[in-house]
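Below: a set of structures, written as structure tokens.
Here come two complexes built around subunit A, the first alongside subunit B, the second alongside subunit C.
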Partner chain A sequence: MTTIDATPDTGNKKDSPANPRRRVYRPNAKYIPILSTLALLVIMYSGAVANFENFGQPSVVVNLFRDNAVLLVVAVGMTFVIITGGIDLSVGAVISLTTTLTATLLQGGWPPLVVLVLVLLLGSLIGAGQGAVIHYFKVEPFIATLAGLFLARGLALFINQQSIPIRDETWKAISEYRIPLAEGVVTKPIAIVALAAVLIAAAVLAWTRFGRNVYAIGGSADSALLMGLPVARTRIAVYTLSGFCAALGGVLFSINSTSGWALQGNGLELDAIAACVIGGVLLTGGSGYVFGALLGVLVTGLIQTIIIFQGDLNAAWTRIIVGVLLFAFIVLQRLVTRKVK
Partner chain B sequence: MGEQSLVLEMTGIRKVFPGVVALDGVDFRLFPGEVHALMGENGAGKSTLIKVLTGVYTIDGGEVRLGGEVVHINGPLQAQQAGISTVYQEVNLCTNLSVAENIFIGREPRKFGRIQWGLMRRRASELLARLDLDIDVSAPLNTYSLAIQQMVAIARAVDISARVLILDEPTSSLDTSEVAQLFAVIRRLKADGVAILFVSHFLDQIYEVSDRLTVLRNGQLIGEFKTEELPQVRLVEKMIGKELAALESLEDKAQRTREKVAEAEPILQAKELGRTGAIAPFNLTIHAGEVVGLAGLLGSGRTELARLLFGADKPDSGELLLEGKQVNLRDPQVAMKRGIAFSSENRRTEGIIGELSVRENIILAMQASRGWTRPIPRRKQDEIVEKYIKALQIRPADPERPVRNLSGGNQQKVLLARWLITEPRLLIIDEPTRGIDVGAKAEIQKLVAELSDGGMAVLFVSAELEEVLRLSHKIEVLRDRRLVEELENTSDVDADRIMQTIASGATS
Partner chain C sequence: MTILKNRLFWPAAILVALLIVNAFTSNQFVTVRDGHLFGSLIDILRGSAPLVLVALGMTLVIATGGIDLSVGSVMAISGAVACLLISDLGNQNSVGSVLLIIVIAIAVSLLAGLWNGALVALVGIQPIIATLILMVAGRGIAQLITDGQIINVQSGPYATIATGFFLALPVAFLIAVAAVVLITLLTRRTALGLLLESVGGSPTASRLAGIRSRRITTMVYVVSGGFAGLAGLIYSANIKSADSISAGNLIELDAILAVVIGGTALIGGRFSIAGTVLGAVLIQALGVTVVAVGVPPEATLLFKAVVVVALCLSQSAAFREKVFGRFTSTRTEAIA
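Then we have the complex of A and B:
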């Protein structure tokens, strides 16, 4: 049985240069989204510096980290989830649950360290539960974490619907503590925590087996399984991590505002997803970096800062611009992945 | 190679699925340093046997011995640890990761928990160099051809465990030079003492590379043979369990009906039709009752041409006439309404919906053309489906079975049935026989011949020249995305003649 595909040795590879299966070598395709976000950030920043007085002060940049610490921490966890090809809608609700619980327990006189460990455990546990449901019952992440969202938000409202002030000394001390960075530039501990989270997460993704397995699952979960990778463990761990990050975000929130409120963090999951997408984390999974999510958060934060500097612009413009950027970056991602294919 | 040096010995393997005995007392053995081909029609039990070996299925009877010791394999990871690695037809790697990662993921060299990327890349390069592959291992896998991906998969498999390597249809998507490259790798591994289980539907390849073969049929062991002692014809007989008479009677049918066809009305005419980057402008006329074969290498533009005729892609030059009238096939739905059906080459991704039953898959196109507001009555559905299951000998003959549980050949038949019930005037079939076995191939070829006898025009796209020659009235030869020659399929046209055209591109 002769096949054409198995015949003339004369032609060899040159015979089918246009073979659609043969991909063109494009080493940098995967960096295009993150580089364009970086470029956007630089352009926005320099534009703002040129237009507004005092925008060039280092405190503007430093404050971006302070003001967006919670979002940053949540986006870090979300990055892991999205790289596996999943999504976590519950993070905003987990924040509200942890702030409410933190405030309630602290008001009840519990030791701060116990409260901290307890709420972080709770967030991780919610994440792990969702991960287990998603993996073992093959439930769509969207649905499973939507259930988690209702559950966590409901629990928070059940505990207390009012805003609860925190009078705990430790919490207050951390909240009021300032870290001097340079002459006249200070920041809060929560910014440092958020930055640390970014650095640790980036190292984990790039340099550990767990991190690489996260990418492998996003590339193809079936292949990952056939390659003998611990898919179940990794997937559950990813949602656990996201839950942990959300709980940590909740703690930072309660520190920053020295209060807890069940409606805190409403819709924050969507901001986190938007930041990831703008930062070049592919929603279909398998591609993206924590630094991308960081850039995404900085872009949205910078838009807000610019609007504040502008003074006469409606805050709604933040949302509008984020919406436009989201569209632009999704289309960009589509174009890049199509070229690779 | 004495009996005592057996690497793998499977005896009396039995595997039962609800309603089907997939394997019934099958024996299989592997010696180190041999290539052992596993042969059989679709549904004969080859895949099941491989899945037993790789731990995807657990057996209901029999025993598996590795290096003389009884083992129970409970999953892919365990199979790997026991020394059995598999490379599948569809490359099961993560194409978003780099080449080096794909080879080492799960086993990355680490220091204090931190992956040593430099060391990993170096090792990957060394490993691939042993397979004569010199590529940038830090580039993502999806920047390379399928052939290279396949070799990377092999490199990974061999590096994990060099005892038993299973190659399941590794060549079905590769072109000539790539197959040659792969075989060179196989021979090298063989010389290193690796026992290789090889599955392929290309008999030539089996004879080129294998030392021994085991034939299965309907889940039963037919026998184990030395490849050199078993002529191809005998092998095929053992696989399908009947004489090849049916296949041979087709031989000169095409030529017999030739005159009749020439008088028939042209159904479809393409005039200088083309699409930049896909296929250069071409002229093509298809008559009622005519089988037109498209021959050419992988990537020569066969599929691209067919897609233009079905409205799946838009032409940017030329015109298309349907029964003399110019038409604009904006999308496949328009083409379907006009009586053109297209059976895709990628039956898994573009055609078959695995979760739906045989019946639902068959009914799909017909229902779509009627519109979803007018459901086909269930009784009529059953009637049609039963008729086609019988006519195409779809096995198992159970209309309610999910299609993904069917073998490749039977899935292909379901796909064909889907288009046939819409009673198209022009049927375009792209690679209907790829990856399916000899028996099913013959049945599908016979069917195509019968359809054309019944007046249907068929555009037949296939990589197998014999098949194109056997069925077609005329053959369009493609090369480098250009239709280079049209050959009337007269008695002096043979595979060599076509190959010459493909190789030289010269029009004589």
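Then we have the complex of A and C:
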């Protein structure tokens, strides 16, 4: 991992002044995927700024966080799961269940704070259940969370198949509240919540014992167990965290749209997984960062924004362009990563 | 006891139970009418043909340690291509033209599979992401082919592949059986199956052993694309139109589920075609039974979830040991 580190005082012949490559800044190998994503993101953004009028305004970047707040929160939880070598397909369905339940309970006159705590608990519980099934019964994560997907969406459809409006004052107040960042630039509270989730999660993953255990399990669960690490607790915790993040995403969704709908968040799990992979989180586990997931979400968000700025694309072309850009991005990322190696 | 321990025992038992429920609730289970077989059993077999085909291709992909999320989109593309070409025909009932169009649609699907295979085997992108690209873009391509419309066709020969009968049996069912037999012979009577499992176990080791890993990997995605295309034709022939939005929507998850129920592990390295067929028919039977017994539509997904959870737990050795093992151990303790 650290062999590529170009430290000046190694005394190695390769690093002699005659070698022109010595002067080139070469980052630590483990940061290469995330740096290449960052570079490509900057290139894509610059290209868009050059091509479209008004793309350079700060509100475009700020709105990126607002429009992708839900995906961001979900991708954060997904990052933990993927780093342990697992996958969580249930997140989109948990969002639909959360929005449906929130809207139904608020309509029934429940106090907002109780509803909030209840749905967050429910999401965590679903995640914990999946984690327990995966760990104790050794069911493959893909299948266990697929069953979770059916279960959560089934419950949501069972509660109500229609879109339910939210008329609660607290929810509406949060939805309509605007936070001024600079002159003419405002954002919604949901963007702040999403950003806070990213920062907290990044700190937890990088600097806590729990975070290191997550990497250890992803590297090799058997070795982690032999080292005496709490594999069961950690593995259940990451799925609980992912369930919690999905429920939080659902709450943000219900705030943003002031409604709940059982078909909400359809396919969001794949968007979240794609965002993580674009951000350099390896599906095989053991490698990746929360900031990678953030960059991945920004890439997909930027693609959407570019398509909106383009303006004259119908639904069919939008899908194709998203696919093409995704393809271009992943291939470029591979080329960059391969070359530096 | 050995039968009970077989991985496929519980799925098979649930399938039999579902069929028995069907036999009692539906007024016709199997009857003969106009020289054809009719009834809910035949409906299940006919209706499961697309899922069996898709799951068959998925089995081969998963055997090599990959996954194919694009099957639903490929289904939409092949249906769109076929319906567009048929609707342009002067005589939609011309058997020769329809056959040619079917060949074209499948060729397009094979190309789609080749694209996936190239991304995975040559560019080296993770399968789940490589096929996600076509999953997203493919439905757009299908919408582009049909110009966002639903194309209706009135072609007798085309409808035959979904609703026709041959030798008293549904044509769609026979197509699925032919595909299953072909793949079984290819993988179990030649070295191909061994090579697939070898690549799934370790692509690098296989390559060092002289197996063309990349060629094998590319091939399974091509085959998966072809079967998805065939499934798309059956789907669109059944509704006599191309619906690029709902054709094959979420079928990738059902197909993966069928493969896993059939005892093929997602990590690759081994596969069971009989298990996959059992899994696919089981999923279809579940859907039919839920409607037949009168579960309200809002609860169908919940019902499915419960069965899937029960099925997955029944297949988990750890679960059986923890739950049933406890009973046996307490009994022995009581005796002691």
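In the analysis below, the second predicted complex is superposed on the first by the 286 of 341 C-alpha atoms of A that agree within 3 Å, B and C clash if a C-alpha of one lies under 4 Å from a C-alpha of the other, contacts with A are read in each partner's own complex, and residues count from 1 in each chain.
The rule is short, and it goes like this: a residue touches a chain if its C-beta (ideal position, glycine included) is under 8 Å from a C-beta of that chain, and two chains touch if they have at least 3 such contacts.
Everything numeric here is computed off the predicted structure, so don't read it as measured data.
Asker: Between subunit B (first) and subunit C (second), which does A:V61 come into contact with in this model arrangement: first, second, both, or neither?
Answerer: It touches nothing on subunit B or subunit C.
Asker: Where does A:K138 make contact in the superposed view: on subunit B (first), on subunit C (second), on both, or on neither?
Answerer: Only subunit C is touched by A:K138; subunit B is not.
Asker: A:A128 contacts which: subunit B (first), subunit C (second), both, neither?
Answerer: Neither: A:A128 stays clear of subunit B and subunit C.
Asker: For A:V186, decide between first (touching subunit B), second (touching subunit C), both and neither.
Answerer: neither
Asker: According to the stated criteria, A:V49 is in contact with first (subunit B), second (subunit C), both, or neither; which is it?
Answerer: Neither partner.
Asker: Considering only the touch criterion stated at the top, classify A:G218 as touching first (subunit B), second (subunit C), both, or neither.
Answerer: The answer is first: A:G218 touches subunit B but not subunit C.
Asker: Contact-wise, after the overlay, does A:R209 reach subunit B, subunit C, both or neither (first, second, both, neither)?
Answerer: First partner only.
Asker: Where does A:L40 make contact in the superposed view: on subunit B (first), on subunit C (second), on both, or on neither?
Answerer: Touch partners of A:L40: none, neither subunit B nor subunit C.
Asker: So, does A:M227 touch the first partner subunit B, the second partner subunit C, both, or neither?
Answerer: A:M227: touches subunit B, not subunit C.
Asker: Which part of subunit C faces subunit A closely enough to touch in the complex?
Answerer: So the residues of subunit C in touch with subunit A come to 69, 119, 123-126, 128-130, 132-141, 143-144, 148, 253, 256-257, 260, 265-266, 298-306, 308-309, 312-313, 316-319, 322.
Asker: Quick check: in the complex, which residue numbers of subunit B touch subunit A?
Answerer: Interface residues on the subunit B side: 76-77, 80, 86, 88, 92-97, 101, 105-106, 108, 110, 113-115, 117, 136, 139-140, 142-146, 156, 173-180, 202-205, 277, 295-301, 463-466, 479-481, 495, 498-499, 502-503.
Asker: If we count contacts the way the header does, which residues on subunit A are in touch with subunit C in the complex?
Answerer: By the definition above, subunit A touches subunit C via 89, 133, 136-140, 142-144, 146-147, 149-151, 153-155, 157-158, 161, 270, 273-274, 277, 283, 314-320, 322-324, 326-327, 330-331, 334.
Asker: Inside the complex, what are the residues of subunit A that reach subunit B?
Answerer: 1-13, 15-27, 29-30, 206-209, 212-213, 215-216, 218-220, 222-229, 286-287, 340-341
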